[in-house]
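Before we start, here is the structure in question, set down as structure tokens.
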Amino acid sequence: MPDRLTHLDAQGTARMVDVGAKPVTERRAVAEAVVRMLPETAGAVAAGDAPKGDVLGTARIAGIQAAKRTDELIPLCHPIGLDLLDLDAVVDAEAGTVTLTATAAVTARTGVEMEAMTAAAVAALTVYDMVKGLERGVSIEAVRLLEKSGGRSGIWRR
Amino acid sequence: MPDRLTHLDAQGTARMVDVGAKPVTERRAVAEAVVRMLPETAGAVAAGDAPKGDVLGTARIAGIQAAKRTDELIPLCHPIGLDLLDLDAVVDAEAGTVTLTATAAVTARTGVEMEAMTAAAVAALTVYDMVKGLERGVSIEAVRLLEKSGGRSGIWRR
Amino acid sequence: MPDRLTHLDAQGTARMVDVGAKPVTERRAVAEAVVRMLPETAGAVAAGDAPKGDVLGTARIAGIQAAKRTDELIPLCHPIGLDLLDLDAVVDAEAGTVTLTATAAVTARTGVEMEAMTAAAVAALTVYDMVKGLERGVSIEAVRLLEKSGGRSGIWRR
Amino acid sequence: MPDRLTHLDAQGTARMVDVGAKPVTERRAVAEAVVRMLPETAGAVAAGDAPKGDVLGTARIAGIQAAKRTDELIPLCHPIGLDLLDLDAVVDAEAGTVTLTATAAVTARTGVEMEAMTAAAVAALTVYDMVKGLERGVSIEAVRLLEKSGGRSGIWRR
Amino acid sequence: MPDRLTHLDAQGTARMVDVGAKPVTERRAVAEAVVRMLPETAGAVAAGDAPKGDVLGTARIAGIQAAKRTDELIPLCHPIGLDLLDLDAVVDAEAGTVTLTATAAVTARTGVEMEAMTAAAVAALTVYDMVKGLERGVSIEAVRLLEKSGGRSGIWRR
Amino acid sequence: MPDRLTHLDAQGTARMVDVGAKPVTERRAVAEAVVRMLPETAGAVAAGDAPKGDVLGTARIAGIQAAKRTDELIPLCHPIGLDLLDLDAVVDAEAGTVTLTATAAVTARTGVEMEAMTAAAVAALTVYDMVKGLERGVSIEAVRLLEKSGGRSGIWRR
């Protein structure tokens, strides 16, 4: 690992990393976000989801859309395409959780770690938005990378 | 509290809540996000921050910018103005945390809870992006509302 | 009706209309778009919609999101808020149509006619995108205003 | 043709198609939108267009700009570049129509059909916006693909 | 005039100014940008403008569109509506200049100075983009406020 | 140099240049913008910058973010990626200037001249926004290309 923040140059000012010399390779990343709520709230999401799938369906679309705008949200991210952005949403009504898992893939000079993280986070914010009328105090309790591959550093798994 | 999800109509399809009949009042919300990392990584943020303030400075700007685009990110949020978006960033190097606290205020028909949550979350993603080259496995461990006021339901504090 | 295009000034150059002197009133508009396809394709939308509601659900979210960005898409539209954007999606499998009906409302100096039209059009494009793999030659056969109220000119119905 | 909607996975949830394994080829698509109005309105567009070209000129720019944001508008579209977006606008004053024809081209893993459709549709909405002060009840009566080439399925013409 | 930068708080970190307590008033600002080029290039713009008005027409639309996104571009600007954004484009072929003058107006808690400046600057960048194929070394030689009114500080003129 | 504007077609209407047949090469461009103010204002920027770096830090982030959206701002620009966007900000307190220098690089079919120009211009607008509370009449006195390389026409330097 480098011994200083790669986004800071010698003088400490923020900068984009120059990826021009990096090879174009297939890159993939998986991230998850967990929204914690009361079991009855999670039950309402699961049941409300039964007829029309809208809480989870809306969160999935929001996450996919956010992934495509990662470079507009995260200042030092490069604009890159996306070959795939998959967003999986699972309710565990008993545990009181909704888990959003985002998989991003691209063939490019830089990775899609931030795209997966952003998709999971915005999908979780959307779930929060849609249940906040039912329960105060819901929280997003984790947004984290699960797996990353492609590029120089090989495969990483949490 | 209502007994069903306010964003779902009678048939269960997603919808925006009609705020046309709500009064225009001052509304305020405070949310925080915590990014957990190794103490040495947090120390690098604090030190890298010393000369030019760029990790925290970049995260603050990213959070402010994201708050202004909340309605583009969260599908059922209303487009509203913002009177204020304040973003506070604090490093606790010993504990290995960076805490981002967002305060949003507006004079409108609907609240700024999602604006504060979105600002805190995107600022946290930006911190993550800027330290991920130093440490794998950093995670955002909480995004949650701390306080909310204005509107029909008065003041709420976690 | 005025005898020249209100968006062109005396010299014929495009311009935004100055709405500063207009009163703030409640304004509402309803628009629809019809996507025509083979009955079997419409049947697949209806059936595919049964378990998870995703074609229509995705189109609804896309239309709502587009309405909020109308002023970014249509050059001479004013940036305004939205009190409500409702998007109704109905499949007539026998007739081979999916009809998207958008209702927009705002309390502002100018109307939401373009917001309703844009929402219906983008929802229709989304339906098209999701069925084009099943059938070539699907077309959007109408995007039109159904109703408009508020402002100086009272209520208009097609 | 596949026997189910390619945007729905086995469980029926909306997803982006993974294009990572597709070859990079030249792809092109042509779409048109027709705006129907009274002959006198179309005549005003043609005449208003004579000195400064602004109705059609504004619509062309709006369509080009919208094409570049197709992936932000249509949830399951991939972000891709564009080698070309050409927008042709023709008034037939006698028939009372303005026809917008968009040609999109790219060298990529996936096509530009939605870019051409989106450009034509948004250009048509812009024409509508600019004549709605002259005539109520103008409608966009068709948005459809005319031609598509590149990729696995060869050339298609309506 | 205040004796410190109003966008920096006591600790020197960037912040949005809280405008919640400011009165809603009519505010207006006028800004201009001048693009300097060879007389023959300016002549081409003027002539190219004759048949279809496209260089200046395109620049006008670009400026209007940019004004509506000022808060997305300038980090500490508030999101506000716009009652009017007028963009005037004048070629002085002899002097070798294209002058873009933007007038912005709004009824709000904060002013539209940055909207006018942003519109003029982006219109000038668009002119530059459209003539750079004819002449290298064209430059934007001024972007400045001409006039500002509304709010606490009354009318200001350069 | 061509003898007519490359963005206008035979009929004089605005169009994107078709870059499909151009080779993918490394392209780089450097542009600068100069903001002129009183020496005491520039001194405040430099000093205000000392503890937290916020005026210049905010301007840098704004410029980087704007570069990524160049194709959304400048109508006839192609959407392209960016390998690098570097933004250097220097205060000359004695001379009363803040100079923003943007370097853009990409490996693509078309260049990044407009990305560098847009980054410098928006960074300058951000500096203006942050000092306008201290001094009226600050102006951006130049936005110009310094250097360009890659593509058919080789290296150009002002």
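Each chain carries a letter (A, B, C, D, E and F) given by its place in the written order, and its residues are counted from 1.
The definition used in the following text is that contacts are C-beta pairs under 8 Å (C-beta built on N, C-alpha and C of every residue); 3 or more make two chains touch, one makes a residue touch a chain.
Everything numeric here is computed off the predicted structure, so don't read it as measured data.
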Distance in touch steps, counted as few as possible, from subunit C out to subunit F: 2
Minimal step count in the chain contact network, subunit B to subunit E: 1
Pair joined by more contacting C-beta pairs (A-F or A-C): A-F
Label of the chain whose CA centroid is most distant from the centroid of subunit D: B
Computed distance of Cα centres, subunit B from subunit A, in Å: 16
Where subunit D and subunit E are represented by their mean Cα positions, the distance between them in whole Å: 30
Subunit B: positions in contact with at least two other chains: 13-14, 51-54, 57-58, 61-62, 65, 69, 75-76, 81
All touching chain pairs, where touch follows the definition stated at the start: A-B, A-C, A-D, A-F, B-C, B-E, B-F, C-D, C-E, D-E, D-F, E-F
Subunit E contact footprint on subunit B (complex, rising order): 26, 53, 56-57, 60-61, 64-65, 68-69, 81-87, 89, 105-107
Contact footprint of subunit C on subunit A as seen in their complex: 51-54, 57-58, 61-62, 65
In the complex with subunit C, residue positions of subunit D that touch it: 1-2, 4-8, 11-14, 44-45, 48, 50-52, 54-55, 57-58, 61-62, 65-66, 69, 73-77, 113-114, 117-118, 121-122, 124-126, 128-137, 139-145, 156, 158
Touch list for subunit D against partner subunit A, complex: 13-20, 71-72, 75-76, 78-81, 108-109
